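Chains: A, B, C and D, in written order; residue numbering restarts at 1 for each.
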C-alpha cells in the first residue's frame, strides 16, 4: 500500500511540474493562438537562474527555509525575458501559424546557446536543500515535504489562474480576446497590452516551473527540448488552450508514466505517445478542448 | 418529367431542435426557383442538404433520380451540381485562370494526372478562356485572385462554379455585398451566363424580394423549418400573410 | 592558446601538402610547419561535461608539450571542431582531414558517432585516436581490423570492475537486485554484464526490477518509487551525466538508498555533483580512468588537478585522462618512430606501428596500446566517503581499488559475452 | 521569353554544381552529398507544405525511414545495389505513409503539425526502445553499396562520395526536381494548391480534399525516404537522431530559409544551410545561436526566403523603374475562426 502511495505521489509530483509548463503553453495558445516551442527554454532558464539565485542568497546569509520563496522570486525575475520576446513575436501575429511556430523554434536554438554561454555546458544542481522542510514518513511511505509544497504550488497556480480568468475583469477581457480578437479590439480592448501580459504570464509559469523543480533535480542544457515534448503531450491530451485540460493532461501523463514504470518499464515513453495519438484521432480537440467547428 | 432535384419528407434535427421538418420540394429542368424565408428559417440547412453536405434525419434527397443524402460536395460537383457562397470564396494565391481551371479539371476528370503539364492541355485552356469570356474576366486571366476588385472576386467565385458545367446551380445570396443599383446587373450577368453555360435549373437563396420577384418561376418560402409556401411569383406576392411572415420579420430585423 | 576559436587559416591548407593524398604526411616540409591536431569533442548536449573536461586537458597538455618543444620539435597547433550527430561529425572530421590537413584527429565520446566515424577514418587513412565511445554493440561489425583508428578501452570495463568488486566485497549479502540504467547501449550492456558476472560466479540472485529511463530524464521520482516498491537488497546503476545526481537526490529524499548496497560504475562521471547530503557513504563508486583526488597519483596528475581546480574552479573527470592519454600516445609514438627511423618526422605508417605496444604514463595511471589498436588503461573505483574537504563525496583512501583493463576487457577478437562466461578473473 | 533568364540561371547552377568535384577541394563535394539528400527530401516536404499548406513537424521520420530502410536492405539482407535500396526506401515510405497519412490528413494547421510531431517522436522512441532490432542509440550500419551495378572498387568511400556518388546524387536530384516540377504544374498540383488556399471552396469545385492531401503526404514521404537513403549511405549509419523533433525543425528551417512559396526555394535553403552551418561551426562554438538568429530574421523580414529575395532583386535589376513591391505573404489563416483556434479541417 505504501509502495502504491509512493508511486502515486511520484506521478503527481511529475504532473505538478508538467502542469506549470503546460499551463504557460495553454495560456499563450488560448489567447494568442501561438504554439510556443520556447516554453521549454523558459523552464530551463528558470532552473538555471534558480540555482544561481538560491546559491547566492544562501551565501548572503538567507536562512535555508526561505528556499521556496527564493525560488519563486527567481522564477518571477526570469519572467523579464517574456516582454521582449513577445515584442519579437508581435511581428508575426498576422502571419500563418507556421511562421509563429518557426520563430519560437528559432528561440529554442538561441536560448540553448545563451544558457550555455551564461552557465556553461556542465549540468549544475543544488545541494539537498529541499530537505530543509523535512519529510513525512509513515512506514515505507516517505515523501519530502518540499515535493508536497511543489504540488501545492501547482494547485495554487491552477486555482489562481482559474480565479483570475473567471472572476476578475482583466480575466474576462482575456477570455473575450481569446474568443474573438477582432470583436475585442472593436470594443476598445487593448489587445496589444493583453498579449504582452499573457505572454509574460505564460513565461512566468515556465520559469517558475523550472525554478521549483530544480532542487529535486538538476539543470542541464537538454532539459529545454525534452520538456517541450512532454508538455506537448499534455496539452494535446488535455486539449489545446484549455486550463482544465492542462491539469487533466499532466495528471494523466504523470500517472501513466509512474504506473508503466512499475508494471512495464519498457512502455514508459511509448505509452505517452500512444495516448497522444489516440486522443488526437478519437477526440482531436483533446479531452477538455472545445470541439472544433 | 422527373424533377432534377427533389426532397421527400426531409427533416433535419439537431437533438431536440428541428432545423427542418418534413420538407418536400422539387425543382425541374428549366426552372428558376427561389428559396426565401426569415433568418433561422432553415435556408442554410436546406442548402447543405441539397448539396449533399448533410445527411437528413428523415427522408431522402434525390438528384437526377439518385439519392444523394450525404454524398458530399465532391460527388455532386462531378454529377452536375454547383453552388456559390454568400461570402465570396476565392483562392487568394491562384490566378483567375487557375481558379476556373480547378473546376475545369474536375469537370474533365483530369485531377489524377500527376505528371501532365497543365499549361499544355488545350482542352482545359480553351474551356477556361470560354468561361472567363462569359464573365468578362478574359483580361484578368493571369491576375492573382486576391488582387481582384470585390466585384471581380464575386464574378470569379461564380464563374468557377459555372465551369463545372452543372445542370443545377445553387446561388446563395449572390448579390450580398453588391450595391442595390448593381444587383440587377449582377443577376442579369448570372442568368445570362447560366443560359450560355447550359445550366438547366437555378436555385436562388435570396433576401431581396425585388430580385426574387423579377427572376423566379417559383418561390419557396420557409418558416421555422417548414415549407410555408411553394408558389409562382404572382400567387406568392398576392398573399399578404406570407409576405408578412417572410418580409415583415425582415423589416424588424 | 585560444581554444574556443579555430586557430587555423584556410589559405594555408591550400598550399604545401595539398598535392599529397589526404592525411599522408609529406616529410620534406615537416619542419617548416607546426604539427596540427584536430580535436572533435561535444560542447553541448548530454556529453558536454566530459567533452569540456577533455578539451581542457588537451589545452593543458598542449601548453606543457609546447613548452617542452612540441612533438619531435614541432609545435602543436589545435583545430577544434564540435562533435554532434553522426552525420554532422563525419562532415567535421572530413573538414579536419581534407581542409585543415591535420596530422592526427583526436576525440569522440559518443558511441553512435564513434561507430559511424570508424569506417570513415579507415577510408580517409587519417590517423585517429578515439577518447571514448567504444561499446560492445556493433564494434566488431562496424569497426573491424582498424589500421588508422585507435579505439578506447571498452565502455563496459567499469561495469566488469564494479561487478567483480561487488562480488568480492558483498557476496552473500544480497539477493534481490534492481537495476536503473540509461536507456541506451551503454546502460543496457552495463546491466547485462553485471548479471552475466553474477551467473559466472554462481551468485544466487533475483532481478526484482529493471528501470530504463531515457537519457536526460530530470524527473525520476516515479522510478525511485518503483524501485522502492521492488524492495531490492542491491541497486546496480550505470546512470551518468546529470541524470545520476538527480536520481541520487530523489532516491535520498525517498530513503531508497538507505541500508542497501549500491553499485554505481559510472558515478564518477559527474562526481562534483554527487553532493554529500544525498550521496551515501559506502557505495561502490566508479571513477573510470581518472580519480582526481587519488593520493597515489603521480606528481604530473596532481599538478594537472591543481591547475584544473585553480583555472576552471572544477575538478576533472575521466575524460581528461582519455584526452591526455590520446595526445601523449601520439606524441610518444611520433617521437619513438622518429628515433627508430632516424628521420625528422616519421610517416603515418611508422607512427601507427610505433603506437602498437606503446606504453604511456597518463593522468590516471598507466595506459598502453594493444595489437588490435584498443587501449588498455588503469581503472579506479572504490567506496564513497564524506570525510573530505569538498561538498561532494570522494573515495575512501583506504579502500581505493585500481585494476588494469587487461583484466577487464575481452582479448582481441573475442566476443564479450562469451568471454565473460569463461574468463579467469582476479578477484 | 520572360522565363529565359531563370532557365539560364538554373542551367548555370547545375553546371556549377557539376564542376564542384572537379574544381573545389574534395571536402566540398563530400559536404554537398547530404545537401542532395536534403534537397530531394525537401522537394517532397514542400509539396506538402508550400503547395498543400500542411506543415509537418515530424517529417524527419521519413528520412529516418529511408536511412533505416537502407540499413536493413543493404546491411541486414545484404542487397548492396543502391537502386534496389532506393526503390525499397520509396516503398517503405509509401507503405508507412499510406495508413499514417490516412489518419493525419483529416487535420490541418497546428493539429496536423502536432500529430505529425507525435508520430515522429513515437518513431524515435520505438527506434530507441527496441534496441535489439534497431541498435538503439548507436543505430544500424549502412554498408557501402554498388551504383548502377558498378563496384567502383578503385575508389575509397571518400573518393566514391566526392566522385561517382556525387554525380549520382546530382542526377537523382535533377530527376526528382523534374518529376516534382511536373507534379506541381499538373492538374493534380492545381487542385492541391486550391485546397491549400480555400478547402471549402475547393470541395465544391470537386477537389477531393482528403485524397489529394493523402497523395501529397505519400509523395512527400517517398521523397523523404529517398533523401534519407542518401544520407544513410553517406553517413554509413542510420541513427535515431535523424528522427528527433529538432531534425524535423531543421527541415522546416531549410525550407523557410530558401522560401516555401517558390519551387526552387527548398533546394536553395538546403544548400544555404549546409554551407552556412559548415562555415559557422568553424567560426564560433555558439553557431546554434547564430543559426537561430538567422532563422528569426528570415521569418520576420524575409518570409519568402532567399528565393523571394532573389526574385525581388531580379525584378529590381531587370526594370530599374519598378521597385520590388511590398512583401507578399500568403493569406494567413484566421486564428480562432473555427472553435478554439484549432484550424481543424474545414470539411471533416
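Operating definition for what follows: contacts are C-beta pairs under 8 Å (C-beta built on N, C-alpha and C of every residue); 3 or more make two chains touch, one makes a residue touch a chain.
The structure displayed is predicted, hence computed values, not measured ones.
Contacts with subunit C and subunit D are shared by A. Taking the mean of all protein C-alpha atoms as the reference point, the chain centroid lying nearest to it belongs to D. In terms of the distance between Cα centroids, subunit C is separated most widely from B. Computed from the mean C-alpha positions, the centre of subunit A lies at a distance of 36 Å from the centre of subunit C.
Averaging Cα coordinates per chain places subunit A and subunit D 32 Å apart.
Chain centres here are Cα means. That of subunit A falls 50 Å from that of subunit B. Our note on geometry: subunit B versus subunit C, Cα centroid distance of 74 Å, whole angstroms.
Counting partner chains per residue, subunit B shows two or more touched chains at no residue at all. In subunit D, the positions touching at least two other chains are 125, 128-129, 288, 330. Multi-chain contact residues of subunit A (touching two or more other chains) are listed as 112-113, 116, 266, 269. Listed by chain label, the pairs that touch are A-C, A-D, B-D, C-D.
Note for the complex: subunit D touches subunit A at residues 49, 55, 57, 103, 107, 109-111, 113-115, 117-119, 121-122, 125-126, 128-129, 245-246, 249, 252-253, 256, 286-289, 291-293, 295-296, 299-300, 303, 329-330, 332-333, 335-336, 338-344. Considering their complex, residues 29-30, 33, 35, 37, 88, 91-92, 94-99, 101-103, 105-114, 116-117, 178-181, 225, 228-229, 232-233, 236, 239-242, 266, 269-270, 273-274, 276-277, 280-281, 284-285, 289-293 of subunit A touch subunit D.
Interface residues of subunit D facing subunit B in the complex, by the touch rule stated above, are 179, 182-183, 185-191, 193-194, 196-198, 200-209, 212, 215, 261, 330-331. Interface residues of subunit C facing subunit A in the complex, by the touch rule stated above, are 43-46, 48-49, 51-52, 209-214, 216-219, 221-226, 228-229, 241-242, 245-246, 249-250, 252-255, 270, 273, 275, 277-278, 314, 391.
Residue ranges of subunit B in contact with subunit D, taken from their complex: 51, 72-74, 77-78, 82-83, 85, 89-94, 98-99, 101-103, 105-107, 110-119, 121, 124, 146, 157, 160-161, 163-164.
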